[in-house]
Each structure stands twice: as structure tokens, then as C-alpha cells.
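Multiple structures follow.
One chain, subunit A, links the two complexes that follow: it is found with subunit B in the first and with subunit C in the second.
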Partner chain A sequence: MRSPFAYTPRPGPLQSASPGAAVVYLGALVAVAFLYSSPPVLIAAGIGAALAGHTAGADRAVRAALRMGLSLALLIVVVNALVVNRGETVLLRLGELPLLGRVDVTAEALAAGAAIGLRAAVAMIGFAVYSACVDPDRVLRALRPIAGRSALTAALISRLVPVAAADAARLRDAARLRDPAAAPLGRAALVRRLTAGSLDRAVDVAATLELRGYSLTRPDTARGVRGVFKSRFDGRFYAAGAVVLLAAIVGKLLGADGFHAYPTIQLGVGPATVAVAVIVALSGLAPWRRNAPRRRGAPRSAGA
Partner chain B sequence: MRPNRRTVAASALLCAALAAAGCGVGPGGEVGEASLTVSRDFGTERLSPPAAEAVSESDTVMRMLDRNATIETRYGGAFVDSIDGLAGGRRAGRPHDWFFYVNGLWSPVGAAEYPLRGGDSIWWDYRDWSASTRVSALVGAWPQPFASGYEGERHATAVECRGGGVACATVRARLGDAGAELTRVGAKGAIRVLVGPWARLRGDATAATLEDGPGESGIYASFEPDGDGYRLTGLDRGGEPARRFGRGAGLIAATRRFGAPPVWLVSGSSPAAVRAAAELLDGADLADRFAVATEGGAETPLPIPVRPPR
Partner chain C sequence: MPELATPPRAVPALAIERLSYAYSGTGAGSTAGSGADAALVLRDVSLTLAPGEFAVLAGRSASGKTTLLRAACGLVPHFHGGEIEGVVEVAGIDALASGPGELAAAVGYVAQDPETQIVSTTVAAEIELPLEMRGDPQPARARAVEEVALALAIPHPLARTVDTLSGGELQRVALAAALVTRPKLVLLDEPTSQLDPVAGDELIWLLRRLNEEWGVSILLAEHRLERCLAAADRVIAMDTGAIAFDAPPRDFLAWAQRADTALETPGARLFSLAGIEPLPIGVRDARATLHRDGR
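Right, the complex of A and B next:
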């Protein structure tokens, strides 16, 4: 089974956009998550990123990222509550624990952990949409004139992950086809097999990349840079990214990030916070296409 | 599905273990009363009336401060940046910040990590730290640390009489009245009180840090050689000499090195000066002072007060 994060070509605006435009757009949403601690704005950034994924048709990637992101957020909340004693509102006293010392679970530490977890979840959704919607070949082609070796290294890394996922799926399928009475295949055995074959697979991938021209020297600029891709949707994504970043920076200066977990929870939700949250959330509609093309296999209307 | 007996027994055992480990819901029960003082410029100006309130099992220095003042923190709530709007930073080109003391001792851990006990005396002071980043001990929390101890433990007190004469008896009496548990000289873990003229005290390694300036000792005073004796000089908050006292001047100060028990100095240029210094051992004369000099019956706080920058 394909990884939900693997790039899937679709005729949507985000998939058609140039890598630069897509990176600016999705990067702006992730940047908001790192600029702000305010939960309303973080939630808005999450909604924006999820909406972007949904309108671009990457629902599987968004769902998978949400699952992983929220699990990670929960873990961060628990760890933060156990290791940080700060905060005025003590909810639970767990006494002296080995390694941790005195542990008081406070509402403030839970809130601070939730904000950090939310930030991590938003970043994961943003990267998942990027991974599912932005053609890695185009990204690497765009990067190659700037840093050839780095592009090759990045290509190897980005290609190896889906290759390993595909290998894992094949191994799992093969295991299912054994005798039904056979012992179930554990994750550890699967990881061991994948790790053992990773070097061979890396060489395979490198050879394939070489055949596809990654080893060639920098293109002759006198003849023009070949393969530089532009799309009619680029302007939309550059504009959406710029608006989000501008709103985030101006909002920050106007005090839209009014959240302090310590020493007591303070959450300021003023007009600036609401405005930034609305702009960030609505930016998720940027990949929307009014006349979306019919999906393959969909029934045609009579007479068509 | 009904839980089986093993599950019930395991749950009961876990609850009992947690209860035995001091676990519970909420801040916990009261453990006594603690006092809070907030001042600026080495205690020369109190910013709010002293507060005393009951503290609970889970209380920390930060939690008590937060209940009694409006504070802003940095570094994830670990560092107090401002109290009642007075924020750390540079004033008149000098670095200023908030420092706190529990029972007269600079804390080795942050305010958010320092658990409170009944009887603790907390003092927050906003001061210039250009001359000394670490004033490790001060005298203004009298009768602490003698009465309740420090860092969660009560410690006995050893009075080391080094030519102090009758001043030593005065010091012992005052300490006894304050609730100190007196012990023999050299007792392990005891708070040391050195009593005697500076010429005798300077042989002690901890006391001798006074001659290295406030950066080492945290005491804004020094004894300068003067003929066959020493004379006390008071330093200002920048560590510069600000007042030269006469030969009858006495000093009460406290210092601490490398996590060892604190050392109090009751000293002066002469035996008479030491006697005068010993008479200062009470709450009225030491309250809100980092250290005190006395001359001719008049007390002078140390560092020598100058008009602070606003």
C-alpha cells in the first residue's frame, strides 16, 4: 500500500504550482505555527493546513498527519506535565519520583504542553500536505542549479523513504501469503529486514537517479535553464503565503499572540488574534478549484 | 464487565503506594506559614508591605510570589522578569534584576523549583548586580537561618570566638534567644558565626574573601590596613569605596562559599567595635539589610545607599 505521504500526481492547483510557490504557501502556514503560541492561532493554522490538504485532494495525508500529530501532541502534554513543575494551579501531586524528583502536575504545564503539541501537529500537517502534493522531482530540479550535491543527497533521502515504505508493504503482503498457521510477522523483524537491505536499495535508487540525469553538471545558463517550471497558479500561492506571513508579523506586533502559560494561564483573544486566525484559516482555501476535473471512473452525464 | 479481584487488589495497592509517596489531588495541606518581602536596591526600599501566609505542601517560592504580586516570567516560567511592573534590564547603564533569598541565603535552584516550608522567610530584591552577580548570604532575614534552617533542613550553629571577648557571650545569648541550636566549634554542617576583630578573623578562608571584594564575598565592605590595625570601608552598589569608617566601626555580614554552611561575621576594627557589632544582633537592626556597619551607635546599611536610578 502506498504511503499516505507519498506524492500523488493530481490536476489540482497546488500540484500544478511551481515548487517555490508551494513551499512559500505551505511554509507560511508552518511559520505561523512557530511564530505563535496562542492556541486560537495555532488551531487556525492547523485548520488552514488541513483545509489546504483537503482542497488539494490529499485527505489521506491530512488524516495520517492528524493522527500522528495529535498522538505526538498528547505525548508532549504528558511529558511536559511530568517534567515541568512550574505553574500556580496544582492539579495533582505525584510525590517524589525516580529521576524526575518532586512532580506536581499543574494546569499551566498542561496548557504549555498542549501549545507545543499543537505546534508540532500543525507542522506535521503542513509537511504532510507538502509531501503529498509537491512533486519532489520538480523541487530537486529547482534546487539542482543552486546546490547540485545537496539536491542529490536530498533526492536520495526523499526517495528512500517511499522506497522503504513500498518494500515494507511488499514484505508484509508476502508474510500474509504464508501458511495461515505461521507466526505473525512482528514489526521488529520487518524493520530488521528493511535495515539490512537499505544499503542495496540506496544503491539502486542512486543508480536510477543517475540514469535520470541527477549526475549531470549544472545546466548551461547561456542556453537558458531547462526545466524551470512555472504555473498559472503560482501567483495565487505566492500571494496567499505573503498575506499569511504579513498578517502573522503585523498581528504579532499588535499583540495577537497573547498567550502565556506561566506563572498562570493568560489567553488574550482580541480583534488582532481573531483577524490573524481568520486569515490563516481561510488561506487553506488557496488550492481550491472552482471547476474541479472529474475523477477518473466517475459516471458521465447522459449525452456527454 | 466486572473487574476481577486481582485488578481491584492491584488498583488498591497502587493507590496506597501513591498515597504513601505523598501523592494527592490539589495543592495539598498546609505546612505552616511563610513570609514574603519585596524590596529594591539592597533592601533600601520596600515595594509592598511584608506578607505572611499559610503555605501548602506543593507551594514554591514562585507560587507564593505569584499570589502576592503581579509577575512576568521568562524562559518558560523559570525566571522572574518583573514584579509589579518593575522589570530587569539596564538602568543608568547598570544591570538590574530580581534576586531571591530564602532564610537569608541565595538559592541554588530557581524560584519555581524551590519548595517552601513553614517558617521560611522569602525576600525578593531588585538590585544592581554590576559589582557582584552573587550575593550568597545576607543578614536581613534574622533570626533565619538560625531558627528554621535552610534548604529544607535545620542546622545547628557554632559560635567561633576569635578574640571577641564579651561579644561572644552576647552573640551566644542572642542566638539562643532567636531559637538557634548551639553546638561545638567544628561540628559538621553547622552554621558558623565568627566573632572577633578583623585582624583575627581574616585568617579564616571564608572570612578572607571579604578582602577580595564583593564579587567574591558578596559583602559590600572591606577592611583596609591602617597603622597596626584595620579600618572598615563601606562600598557602594557598584563596589566602589563610598565611606571610610572610624576605628570604632563594627560589621555584621554573612557569606557562603561553594554550598558550604553560611558564615556570619561579627567583627570590627577593635574589641569595642566587635562588641558594638554584637549588639546589632536583633530583628530591628538587621531587618531588610544585606549587611550592617555600626559606628558611634548609628547603623549604616551596606552597600552604602546612593540615590538609585529610576
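Right, the complex of A and C next:
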């Protein structure tokens, strides 16, 4: 079965956009998650990224990223609650625990962990949408003028996710084929093998790129590749990315990020926060396609 | 009496002279030092491959086969680093001075794992990539892709995504990408190791056909020698980084019987146990010998 994160060619605006425009747009949503701690804005960034994936037709990638992102967020909440003793609202006293010492679970540590977890989940959704919607071939070609002498860099940027996704599918299949009596293969072990294997394989892919002449100076490099990767949708995504970043920065200056976890939870949701959240969430509609392409010769309507 | 024009000597597809190599980080300061000898992966290797020759590179694991192939395509030392001495020329191009990119027009390389040799999302894009990288115009690229796809019987449509292909199909696509520049030499590092026996046999005979029809020289590293000896003109056996034997396949079988039984093919072992001569280089050869002897 194909990985949900594997790129699928579709005739949508996000898939047609140049890699630079897609990176600016999705990167802006992820940047918001790293600029803000306010849960409403973080949730809005998550909605924006998920909406972008949905309107671009990458529902499977979004669902998979949500599952993984929310699991990771939960893990972060638990770990943060156990290792951070700050905060005035003690919910649970677990006493002295080996390695951790005295553990008091506070509402503030839970809230701070949730904010960090949300941030990680938004980053994962954004990356999943990028992986499923941006053609790695175009990324590879777009990177050539920038990283022409470094096939490894290009391989890591453009091929690591597809190669890791293919490896993950194979490892999952192998795990399913194990004897039911065998010890189950934990997710951590799977991730560890995947990471180590993927980096090795990225080096092999980089070697292949070298052999294909990736580092050669192309005769028309001086003319650049700008024209090759332009799309009529680029302006839309550059504009959406700029609006999101601008709103985030202005909102930050106006105090839209009114969240402090310690010593007590303070969440300020003023007009600026609401405005930033709405702008960020609605930016997810940028890949929306107004009309499906009409087939040549197809009637406009039944009565036409 | 007018002087007869002497035809120009054909440039060897591959010429290696006194090649020694150690990977970086193995403690070899210089390949010339005696202390570095243990770290050498290739030791004083000399080898010439004529245009249109089909040679099999045999040897146990870690005997230096892969490193020799990497040196012949420029990945060693340009990509993997390390200390190198000697001369490597591919179709007259100095492989130690030129990088793998510059050598791409003269040499194609196909590795074991087809997955890591595919860098594009569609079959056509993958085959076309080397031509695109060197700036060939689009019509010429499209024509070359069609030609090589036809020669290798790669099923259409070529716009298919590569993740829908089987291992054998992927290996064919990787081979097509290596051949699309019409190189003088193709290096293959155990290309059948991840294929089923039928797909593996098909690949070897496809190579033989390309070798005969296109005149491309082939250097094929293989463990399963029974599969490829019948297609080869010559077998080069490696042992701990040095060339241990270099002769036609039938002589190789006799040598393997004496020098390294791990390199014997199952058919040759069976024949030698039964006391039948000569040792067969393939199934057809074995059948012919048995018919001739009336068995």
C-alpha cells in the first residue's frame, strides 16, 4: 500500500505551484506555530494546515499526520507533566519517583506541554501536506542551481521523505508477517530502524544523483530555471504566505500571543488573537479550486 | 610503395593500472605506507576491458568488487573520499580527475538495490534525468527515452509512478537510466540480488543482447555465477582487494575448483563430483555435454 505521505500527482493549484511558492505558503503556517504559544492560534494553524491538505486533496496525509501528531502531542504532555514541577495548581502528587525525584503534576505543566505538543502536531501536518502535494522531482530540479555541488543535500531535502515512507511501508509489512508468537515490534524500534536506514539510503540516492550528472554545470544554467517552474498559482500562495506571516508578526506586536503557563495559566483572547487565528485558519483555503476543469467539448449545461 | 594506413587502436572501455585504495577513516594515512596495507580495499589492481566485452567480476563478500566498480564510475574517490593511487580511465577519460557527473556520458552504473537508484517519481522522468542534467533539448530527450524503453521492454505508459513497479521493473528502469546516455561501459553491482530467478535470468540475457546489439562493454559483479557465466566473455575473480584470476568462463570453473570452491557453480560442482568433463558454464552447456556423452 502506498504511504499516505507519498506525493500523488493531482491537477490542483498547490500541486501545480512552484516548489518555492508551496514552501512559502506551508512554511508560513508552520512558522506561526513556532512564533506563537497561544492555544487558539496554534489550533488555528493546525486547522489552516489541515484545511490546506483537504482542499489540495491530501486527506490521507492529513489524517495520518493528525494521528501521529496528536500521539506525539500526548506524549509531550505526559513527559512535560512528569519532568516539570513548576506551576501553582497541583493536580496530583506522585511523591518521589526513581530518576525523576519529587513529582507534582501541575495544571500549568500540562498546559505548557499541550502548547508544545500542538506546535509539533502543526509542524507534522504542514510537512505531511508538503510531502503529499509538492512534486519531489520539481524540488530536485529547483534545488540544482542552489545545491548543484551537493547531491546529498538535494537528496535529503527532496527524497528523504519518499524513501522513508517506502521503507516504513516495507517495515510495517515485515512486522505484520512475523510469527504471532514473536515479540511485537514496538513503534520506537520501528522509528529507530527507519531513521538509521533512511539516512543510509539518502546517501545512496545522493550517489545516484551524482552518477546522473546532478553536479554538472548545465549549459543553460546561466539563464536559470525560473521560467520552468513558474505557475499561475504561485502569486496566490506567495500572497497567502505573506498575509499569514504579516498577520502573525503584527498580531505578536499587538499582544495576540497572550498565553503564559507559569506560574499560573494566563490566556488572553483579545480581538488581535481572534483576528490572527481567523486569518491563519482561513489561509487553509488557498489551495481551493473554484471550478473543476471542464473537458474539452463537454456541454456547459444540460440545456445548453 | 605507398604506406598502408594503420587503423586507430580502439580506446579501451576501461583501463585500470596499479590501482590501490583505502576508504577514509580506516586508519590508512597513505596507500603507499606498509602500515596502511591492512586497510586497503583494492591492492595494485590492473585491468583492461575492451570495447564490446562482457566480463563478470567474481569474488567472495568484501573482496573489493563493489569498490572496483565505484572507482570505475568515479564515485571512488569523488563521492566516498579515501586515499587512492593508480590510474583509472573510462573510454579515455581520466576517472580520478573527473567526477561521476563528467563520466556519466561514458559509463553507466547500476547498483544492488533498485529503490535507492530511483530518484524521480515517474518512469519517464527517471530515464530522462541524465539527459536533462547535461542539458539535452526536450525532443532529443523524449526520443532517447522512447528508444531505451523499447530496447529494455519497459512497459508503457512511461508516465507511471515508480512506486507502482515491481523490483524487476525498477531494476530495468535503473538500467535504462544508466543506458540512456549511450555509455561505452555499464557497471552492474549484483543487479539480480533482489530479483526472483526468472527476472534475474531475464536481466542477464537482456544485458547480453544490449552488449551484442549496442556494443556496450559490461562489467558485472555477481555472486550467483551460474546465472551469468554463459553470457560472459571473461571472468575476473577478486580476492582481498586483488585480482586473483582473469580468463574465459570455462577456465575460471577449473580454477575455482582448485583455488576457491566457494566460487564454483552448482552445475560445475555436480559435474566434478560425477567426474564429467568439461565443467558446464550454463544449463545449455551441461545439456550438450550430457547428450554428447549419451547420458
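In this text, the second predicted complex is superposed on the first by the 215 of 304 C-alpha atoms of A that agree within 3 Å, B and C clash if a C-alpha of one lies under 4 Å from a C-alpha of the other, contacts with A are read in each partner's own complex, and residues count from 1 in each chain.
By our rule, a residue touches a chain if its C-beta (ideal position, glycine included) is under 8 Å from a C-beta of that chain, and two chains touch if they have at least 3 such contacts.
Here the structure is a predicted model, which is why all the values come from computation and not from measurement.
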{"item": "Touched partner set for A:D104, first subunit B, second subunit C, both or neither", "value": "first"}
{"item": "Which partner reaches more residues of subunit A (counting touched residues only), subunit B or subunit C", "value": "C"}
{"item": "Partner chain(s) touched by A:P9 [first = subunit B, second = subunit C, both, neither]", "value": "second"}
{"item": "First (subunit B), second (subunit C), both or neither touched by A:L66", "value": "neither"}
{"item": "Contacts of A:I125 with subunit B and subunit C, given as first, second, both or neither", "value": "neither"}
{"item": "Parts of subunit C lying in touch with subunit A, wherever the complex brings them together", "value": "73-75, 78-79, 99-102, 104-105, 108-109, 111, 113, 115-122, 125, 129-130, 132-135, 161, 163, 177-178"}
{"item": "List of subunit A residues in touch with subunit B within their complex", "value": "84-88, 90-97, 102, 104, 108, 112, 260-264"}
{"item": "Touching residues on subunit A, where the partner in the complex is subunit C", "value": "2, 6-7, 9, 135-137, 140-141, 155, 159, 162-163, 166, 201, 204-216, 218-220"}
{"item": "Residue ranges of subunit B in contact with subunit A within the complex", "value": "18, 21-28, 56-58, 60, 62-63, 66-67, 71-73, 76-78, 112-113, 115"}
